[in-house]
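Shown next, in structure tokens, is the structure this report addresses.
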Amino acid sequence: MSSAPMLVTVDPLKPAAEQAGLMNRWHPDIPAFATVKQGQMFRIGCHEWTGGQIKNSDDSDDVANVDLTRIHYLSGPIGVEGAEPGDAVCVEILNIEHYDSMPWGYTGVFEKEDGGLFASRFNTKAAKAIWDFHGRFTESRHIPGVKFAGITHPGIIGSMCSQELLDDWNKREQELIDKHPGASPAVALAPEPKNAYVGQDLPKEVMDKIAREGARTVPGREHGGNCDIKNLSIGSRVWLPVYVPGANIAVGDLHFSQGDLELSFCGAIEMAGVITLRCSVVKDGMKKLCMNQPIFQPSPIDPNYTDQLVFEGLSVDLHDASGKTIQGSMDATLAAKQAALNTMEYLCNLGYTAEQVHLLLSAAPIDVHLAALVDVPNACATLALPTKIFDRDITPNGMGPDGFEKRDYGQAAIRSDGQRAVDIFAEKRERQEKASKAKQ
Amino acid sequence: MSSAPMLVTVDPLKPAAEQAGLMNRWHPDIPAFATVKQGQMFRIGCHEWTGGQIKNSDDSDDVANVDLTRIHYLSGPIGVEGAEPGDAVCVEILNIEHYDSMPWGYTGVFEKEDGGLFASRFNTKAAKAIWDFHGRFTESRHIPGVKFAGITHPGIIGSMCSQELLDDWNKREQELIDKHPGASPAVALAPEPKNAYVGQDLPKEVMDKIAREGARTVPGREHGGNCDIKNLSIGSRVWLPVYVPGANIAVGDLHFSQGDLELSFCGAIEMAGVITLRCSVVKDGMKKLCMNQPIFQPSPIDPNYTDQLVFEGLSVDLHDASGKTIQGSMDATLAAKQAALNTMEYLCNLGYTAEQVHLLLSAAPIDVHLAALVDVPNACATLALPTKIFDRDITPNGMGPDGFEKRDYGQAAIRSDGQRAVDIFAEKRERQEKASKAKQ
Amino acid sequence: MSSAPMLVTVDPLKPAAEQAGLMNRWHPDIPAFATVKQGQMFRIGCHEWTGGQIKNSDDSDDVANVDLTRIHYLSGPIGVEGAEPGDAVCVEILNIEHYDSMPWGYTGVFEKEDGGLFASRFNTKAAKAIWDFHGRFTESRHIPGVKFAGITHPGIIGSMCSQELLDDWNKREQELIDKHPGASPAVALAPEPKNAYVGQDLPKEVMDKIAREGARTVPGREHGGNCDIKNLSIGSRVWLPVYVPGANIAVGDLHFSQGDLELSFCGAIEMAGVITLRCSVVKDGMKKLCMNQPIFQPSPIDPNYTDQLVFEGLSVDLHDASGKTIQGSMDATLAAKQAALNTMEYLCNLGYTAEQVHLLLSAAPIDVHLAALVDVPNACATLALPTKIFDRDITPNGMGPDGFEKRDYGQAAIRSDGQRAVDIFAEKRERQEKASKAKQ
Amino acid sequence: MSSAPMLVTVDPLKPAAEQAGLMNRWHPDIPAFATVKQGQMFRIGCHEWTGGQIKNSDDSDDVANVDLTRIHYLSGPIGVEGAEPGDAVCVEILNIEHYDSMPWGYTGVFEKEDGGLFASRFNTKAAKAIWDFHGRFTESRHIPGVKFAGITHPGIIGSMCSQELLDDWNKREQELIDKHPGASPAVALAPEPKNAYVGQDLPKEVMDKIAREGARTVPGREHGGNCDIKNLSIGSRVWLPVYVPGANIAVGDLHFSQGDLELSFCGAIEMAGVITLRCSVVKDGMKKLCMNQPIFQPSPIDPNYTDQLVFEGLSVDLHDASGKTIQGSMDATLAAKQAALNTMEYLCNLGYTAEQVHLLLSAAPIDVHLAALVDVPNACATLALPTKIFDRDITPNGMGPDGFEKRDYGQAAIRSDGQRAVDIFAEKRERQEKASKAKQ
């Protein structure tokens, strides 16, 4: 009759690195912070991914100055009674709610060196949108004319690695780093003792080992982790592989919403909140289910935005700074980027700024499909934009005789010094106008 | 009151290269074979993509011996009155029906040198599944236990390129070929006079120019073309850019169904049939809609298989022949391949052969999303498998206490000499059993 | 490899009453016209429900003069091998296609005495809309501005009654007729020898018995029959109870589309065509499934018009001719009628005529739910109108500052003498304007 | 940046009749309890519909002894700035959340004299199911084997009536009562001073007038009110007619879930909670939108249970106590009841008790459509049962060779004296067995 117990209690307005039950490394020596029975419903408080560094403000200086060694404070680990290596743990995601003290989230574009799909192409500068949570929906004063329902999910959910698996991760990622010396943004992140955190009292030598070896939380890996899958949302049910006794799952990096690709770095609507879960164990599940990585059943309550406008993209760069089309070779990443750029250019034509569309496509529930990876040399991706999230008809049917009405939508939160990323769409328009004049 | 006129008449049981109104190159000197008014509904017969080389039989020798210079006989071009360069043509896809004389289609895995997403990894050998069309549904004697509705679409639909655009295509693709001398499968296909075909009476010098310069039909490009987008299906509405007077659209390579990725070469259910279309023109549409490539609105009648089981994939190769996990770097193609391999391994565990699952995932309406391309070094893709297409419960709920019941599903059509691709899942099982014994 | 056999061949341009394999009565003495094996796919030609009395024309005189003793020429009966009384037959509806010779259908409002939900209230006069089939979509020159996908289904599908069941039907329906002497429209239809038809050579005494006793095809009954369920559509699978050896199913009255309620008499888009079916038998299925009536699983390919505008209706008459609100008592029929009238009035305000909206709501895929039957005295029904079938935004968002733009949509096909039904919405507007003036 | 203000504060564990901002009558003399600006998001606490009379227990004595003069304590009225008679108020339903102190709800079957669709047929006795809220999902210890997402909505939302409208309501409902003297259950409820409640300090003569004249909250009427429409749920947007300055809307009777029909009295999952709303005004909206009653746009986040098993029902009573089939005349209520009874009988065959299926169909998100109201004498209704809410396959595919496995699901909470309603399905089985023996 009582509510589900709260196993990790978080105050989203206080720094994460002072709070118990949080952790920002994956390491088998981190003991379970709490243990649950199978079938027991429980709740876990989660900080937002930067642990409180970003403010509800109208400039992006906090994003520009973020300390990326202090991120991904996950909640846990939570042990599950009866789970043993080789089993699978089935986790039901029953709810995610924001804190009353923080009824908002944010999407960010980070500085170029921090990464993101378009970091280099745009020479990105910090930009931000604050999203107010209006019940199950969200709106942003920084991107007017848009409202959508949350497809709320944990960006990170995973089980604890074994020492053997951890060692493999560290080895293979270091090899990659070694192949790309001085890469910016970095191609992978090695273990980093600085600001490694486990919110439990551990012997110094244990904590040192964790700090020295612990896997960084940025990428998803075989155990789940930071997969940023928007449809692993409230109402879904995920099977995680078990590598250590008790499975020791951890969760965090909650997203009120996210688009496929998460195309900016910090591309979801980041939020603090409470997640409600329930676990059961499938004995010998890794073998029975041939599991190499998590498997999940999506939710019956994902928002149902069936009316979409779809933009195609191929592995041919139509948006290169040179104004030339550059031929790629069966590159799905490039195809997806082209579909995104085509969409952004289309939306800028309605009056949104380049920063706004970059943030919007990161945050809104867009679907990016890999349509075909077979027709050499061009991979084909599609980006489906839900039309009902806009307060006007953005489809071609919504044009007047002279094209779309261009509205003034203001601007996202940008750096207080006014620095902005390259507006490649404006550059393109200029090129085209020049070419058009030259012809006359 | 009468039916829509048939602008191209095709006999699917006769070779394509003898029939009028077909063509297998893109070139601006190909004149319109027929012209339509805006708003007029019309029908076009289409040959299947190999022009009749594949038979309804129980071996795959026809696939092994296919002549790939005789493919993609598109129907058209069809001129649209009033369309001029810079406009957009809106094409409604109103219907696609198979011929009474050919109530079946096929999916193929081609020999390694012909390509496909897994050509090298599997060292693919020809395999085939014949699909019988049962009204709006299909079933295959080569993959029992499966039935699904068609998400029927043209693999190829596009407008005619201008000479300027054609020249750009040829230049950039030749540069790519030059960078990969001797690649197998080829990275791109240069113009090829052999078997170039236009089913109209043209002066010899015009036909020679077309044969010499004409763009091959394999990849999609800015004008549309062979995009193989499964959701550009019956009921959708696509805006194509216009480069030549009349737009001169062509269409073909009909698919009764296809999965995202089209993961084998010839990965859809290839069919001959009749497509019903209707066109209108948006004056100056390329500029008004900021079109770099086609844009479309998907259909309200795509099959609604909402119940799915989803497999994750990262840019880490878990299925390498060495048995080691190989770290990639933000490679969406690799992530998608991993999701597909995880799915295949899962389905083989139910009793299907490696050939069957390869063919099935190519043909069935699977959704492949790019979940996130931001978490270095691991891109994340997901593959959503519709569960209702199977006649048993393939979700983890469908397991017994000892795992899934393994059924005998027979085999796909394979080469009559018995040669098969590498079964990497069997190899993996052997490795694992060996490792397990070594431990004891 | 061959197509499914055609068990009943129909020419839709010839009168039904001359063609073999048709029948317009339910009677156990009608023998199977053809027999199928379980699992065998087969096709059946079907005449449109009036057997060819309605023309593709621009007046409704054919509707006004229809002979209602010559309707519902069903195709069959088809015996299913192995089916015995007490079993259930599972029928898969795999496809429905129109004839090339008749690429159109129609919706009718009949004269008052023929019936329909609003026959008395509107004092209905014949009206008609011709719908052209554009592939999987339809449009009508009599109701411009509307296009929708077919949710194509047989209005009638049923198994043959036993003599015992037939006797019960005749007895109970005669009792109802006897209770309402002289009712117009009739409350039920007794057996009627005139124009009773079975397209097989039968001994005269058998045919006489059938004509004398045979159940009329108008209502649905325990065996299925004329249920007019729009979602029993292509792709669904229905279990029918079996009362006679072989089940002897019959099918007809094809509808390209229909709204819930089928609110005019002849309220669907009536069509001739070919239906593709496949049957299997569940032994002792009536008991195992507790079947009193058919059960079905709906289709994965029903059109997906999720964007809707919903109108409420209660068992209070707000549209009475007197201008007064009349209180009903928990009357779901009245509630549904009110929801329909509220919708019609709304659409008339956009410029459609009363005839057009009556026909449109009959034909388009509207959903009518019974929301609640518990809150005395008012039953509550809702009518959900798909918004995407219109070429303009009909939601309140589509209004200008002065309300909706009123367009000229022409008129439906009406009687050549110009007689029309009562326009109760015009009457209401007049009453309101009079009242408004009286106040000033 | 702050959360939405809470305009009515409710303690769900204290009696409603002591709390401010609640009311259980509709009357124009009730002043606005609070006023909001257009576009302002706000929250309102709501008591559960009996104001706290039902307990989280395992018998139904509280339901048997409920005091039905103390129900429907609505929250409000809330005035909307700028709304005037003749306008429409657009209300967005942004969220509904339960209280932490009451993480459960209940469904009830009431005693026969209290009503419900099957009150007389079953001679209903009190029964109850307690539903625990597990995030966005619910489960009941009284109906095991079932889990579903909430389609959460206010059973009651409406604007305040004018005196003129109120007088009309009272007049027409009294006339109905007068026509059915002594009816049990009552056909309608006249104004009732006993326990009339307005949680504001009002002059005695005002309160007396309200108590004497105020409309009871049981039925829905032109202004909205108790419509119990399950799809008027979180995420929908409803236009209400305005009859008094400020519109003065009130809301309550929250339902975590409900099936169409709400087929038992107290047929939803009744809950206390907080609703989040936002309002805007359409000037002269009643005329512009031809509004006779509320209009709404349904939500993009309603649960998406597309896999359904559908039961047909006709206006022929197949479940009469006599065992005879009784012919009705175009009676939609009877048709809906038959569809419900067919479904109940089917589910009892899986092992559920009659009480459990009665409660389950009331609470779960079933869809009840009126398929056709045209085929004399039989109206046709369909009941679509979502199959994915069960933890087993309840479709015919889930049967074994001898039919369904009958499981022991325990029992709902029933009266502590053990009295139960008539189990008409058991009666039917007995009749059938007797008949079957008689034949032998």
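A few points about this structure:
For reference, chains read A, B, C and D in written order, and residue numbers begin at 1 within each chain.
The rule is short, and it goes like this: a residue touches a chain if its C-beta (ideal position, glycine included) is under 8 Å from a C-beta of that chain, and two chains touch if they have at least 3 such contacts.
Computed from a predicted model, the values in this text were never measured in an experiment.
Of all the chains, the one whose CA centre sits at the greatest distance from that of subunit D is B. The pair with more inter-chain C-beta contacts, choosing from B-D and A-B, is A-B.
Taking each chain's centre as the mean of its C-alpha atoms, subunit A lies 40 Å from subunit D. If you average the CA atoms of subunit B and of subunit D, the two centres end up 50 Å from each other.
Centre-to-centre, using mean CA coordinates, subunit A is 30 Å away from subunit B. Annotation for subunit A: residues 300, 304, 306-307, 388 touch two or more other chains.
The residues of subunit B lying in touch with subunit C in their complex are 1-4, 41, 56, 93-95, 97, 100, 103-104, 132, 134-137, 149, 234-235, 276, 278, 300-305, 388.
Interface residues of subunit B facing subunit D in the complex, by the touch rule stated above, are 304, 306-307, 388, 393. Listed in rising order, the residues of subunit C touching subunit D in the complex are 88, 90, 115-117, 168, 172-173, 175-176, 180, 185-189, 218-222, 224, 226-231, 239, 260-265, 267, 282, 284-285, 287-290, 292-298, 300, 306-314, 316, 318-319, 325-327, 329-333, 336, 338, 342, 345-346, 348-349, 367-382, 384, 395-396, 399, 402-404.
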